[in-house]
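Shared chain: subunit A. Partners: subunit B in the first complex, subunit C in the second.
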Partner chain A sequence: MKLCRSHYFDLEDILASHETMPATFTEEVKGLGFLDPGAVTDNITPKTKLELPFWILQVLLQLPNKPVTVELPKAFNATHRDIFSADACIVDFNKLCKFFYTFGKILARAKLKESPEIKKMLVETFKQRFRYVFDLSQNVETEKLASDKMDRMERELYNESRTAQVRLNQWMSVGIGTIQAASMIVNHRKRKLTVFEL
Partner chain B sequence: MFTEKAVDLLKELDRCPDTLPPYHEKMVRAVLDEMNILFEKNVEVLNSSVSDNLGEFMPVLKFRHAALERNKRCLMAYFWNRLLKIRQMRWEFGRILPPDVKSNLSEAEVNWFNNYSKILANYMKSIGQGCGLNLLQNMDPPKSLYLEVRCLADHGEIKMENGEVICLQKNHLYLLPRSACEMLIRQGILEQVVSF
Partner chain C sequence: MDPAEIEFLAEKQLISIIPKFNLNHTIHLISGDIGPFRSGIPVRVPIWLAINLKQRQKCNIVVPEWMNVETLEERKENEKQSEFFTKMPNEHYMEVSRMLFETAGDEIQKIDEIRTVLKDIWDLRMSKLKASINKFIKSDTGIAQLDHLTQLEINSVRPLLPDSLNIISSLEKDQDSDGEDNSQSQNRASSSFAQ
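Right, the complex of A and B next:
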């Protein structure tokens, strides 16, 4: 399985920090007018509301005068935190936030005033949903899932655990010993199946 | 908005975890151009403004610099993640890539692949007490010396270790030494027949 810790080249980490957050400017910022598609001048006026990717906000928050205030994205606001504490399993992460855990970790590290709460929530949510993911991976027969509520990390965990289960079942019935075609080859062949059939 | 193009590159990689999408020379160029523009704009501001009103432009300078760094990170991640896949290809496809896969690689990547192949071959030659050791063989512990296999494609002739030449034809069954057919099974040319 892939490392859970994020690093410089991590695709997931980069894509997760590209998730947008609603932000309000409290002060005028010179020259940043290009961030606001509706801006008339080169500058951003106070009280402008924008949806900006997290990495931009991180830059703005590190400025000495802190010209922006950020609101948490939908998946992490107070309402959703309540839903998670009630029953986390019903939430559809695929629709809500595809990189829920990765983005959550980034937010928790970002030293916002809600960060400690987010930290706690992430652990609790994972604990609640783990059984659901585990249960599915051990008992689903078909390869494709009908309803998929998992976020990226859970998906990976599910796939990993499913292949392990399938291999165990195989070993129980046939025993080990067959050599399989490598996964890349299988995928490559699926793509040009017509060529092979002819 | 800045860095959108670089992120698009990564999104495409992310969408196909099992295959390697074609190398987007144009997009990479466009990202590099964007980085140059960002840099030049920053230099322009630094040169034109007097040091006492520099503070006013600090936010935009910092933003452009961050966008520059971000673009750099995206491009590096793009190359690095592609290289990981190309390395995996060496182990799964073997030393020679199918032409349609190879066409997705950039020139530098093809060079890297060849170099990696060479390094791997040299390493395999150097271990095993003077006679070399093929690391691509016996990925799982072997149970028998001979395997019953079915041929899935007209592969043509292969040479066995004892000098014998066998012609592999589609849908024929063969009993071959494990060492000769393991790589071919992994490449999807042969299929192991399981008898219950």
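Right, the complex of A and C next:
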């Protein structure tokens, strides 16, 4: 299961670190003018406000003179943290933040001043929403849901457990005549043949 | 795990049959010796063999003792009363009964009633299991003890439960297990930055 492992080429992780955050520059940064569409010079002037992806901000934040200050993105600000603690199940992650958990994990590790709070919130939110994902996966058989509020990680969890549930239901109603070979083994043979033909 | 694989495991259980043929020598198998078969004398064989012989009309299957309406009704009542899971008569009760219903339906008395009671027991246990999983995830404890669950029941919450626990523990951790998560995304950032 790859849900919670991140590595260098992990697409989820890369996409998640593309989530933008509002940032304000406090000092002039040379050569970064291209980031600001309204900039006239090659440099970024102080007090410029920009929505920048997290991966670039992470580097800027680690510079010794700290040329930027960041605000938390909408999904993680104080208002939304309150909403999550009230009732996490009503939040639509599909609209709000598609990579809520992965991005949240990155933020929690980024050593911002809100990091500990975000970390606590992530765990609580997941626990609260577990019931929602669990019920759906046990009782719905279609992959596409009419309205779903799940973020990517929850969706993957939903899909995995839904397929297991469908298989169990199938076994209950009609049974299974012969055990099927795992798809990996079937594909493995195919690959071998192509190698052989070459 | 696929339910079919669990059914396969359940087929290794022994069951009594009354053969309709004679075979004087024993059959030596890795899982144990079977036979000899004397017509009319009960003998213990694995379920897979019993089913095969039954399909070829070579034997009658002796229905397991627990598979009758009274015993199962009693189990069902116990299950309803108890807050926890009660011990089932057989650790593969669903699979065994399924297989026997399919092949030896003619030898089981009141088969439709048994089927209903078994389904009731299954539903009771599943709702209990779901409720306790919900409780377990919401609580902060790291361990839960669930006795007397059968393999098929355990499998019904895979992969959901282990994956959810994985996610929770990864959210709670400061670093990924390889400990390089931060430095890696930092590397990625700086290399993109350089271009």
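Criterion: the second predicted complex is superposed on the first by the 172 of 198 C-alpha atoms of A that agree within 3 Å, B and C clash if a C-alpha of one lies under 4 Å from a C-alpha of the other, contacts with A are read in each partner's own complex, and residues count from 1 in each chain.
Note that contacts are C-beta pairs under 8 Å (C-beta built on N, C-alpha and C of every residue); 3 or more make two chains touch, one makes a residue touch a chain.
Keep in mind that what you see is a predicted model, and the values were worked out from it rather than measured.
When the two structures are aligned on the shared chain, A:119 is found in touch with subunit C, with no touch to subunit B.
Of the two partner chains placed around the shared chain by superposition, subunit B and subunit C are both touched by A:56. Residue contacts after overlaying the shared chain place A:35 against subunit B, while subunit C stays out of touching range.
In the superposition on chain A, contact is made by A:138 with subunit C only, not with subunit B. In the superposition on chain A, contact is made by A:167 with subunit C only, not with subunit B.
In the superposed model, A:72 makes contact with neither subunit B nor subunit C. In the superposition on chain A, A:153 contacts subunit C only, with no contact to subunit B.
With both structures placed on the common chain, the touch criterion links A:127 to subunit C but leaves subunit B unconnected. With both structures placed on the common chain, the touch criterion links A:184 to subunit B but leaves subunit C unconnected. Note: residues 8, 14, 55-56, 58-59, 62, 176, 178-180 of subunit A belong to the subunit B contact set and to the subunit C contact set alike, using the contact criterion stated above. Of all residues in subunit C, those touching subunit A in their complex are 2-5, 7-8, 98, 102, 130, 133-134, 137-138, 155-156, 158-160, 162-164, 166-172, 174-178, 181-182, 184-190, 192-193. Residues 8-12, 14-15, 18, 29-32, 34-35, 55-56, 58-60, 62-63, 67, 174, 176-189, 191-192, 196 of subunit A touch subunit B in their complex. Contact residues on subunit A toward subunit C in their complex (touch as defined above): 1, 3-8, 13-14, 17, 55-56, 58-59, 62, 101, 104-106, 108-110, 119, 122-123, 126-128, 130-131, 134, 137-138, 153, 157, 160-161, 164-165, 167-168, 170-172, 175-176, 178-180.
Per the touch definition, subunit B reaches subunit A in the complex via residues 1, 7, 10-11, 13-14, 18-19, 45, 56-60, 62-63, 66, 70, 73-74, 76-77, 80-81, 88-89, 91-93, 98, 100-101, 139-140, 143-144, 147, 153, 182, 185-188, 191-192, 194, 196.
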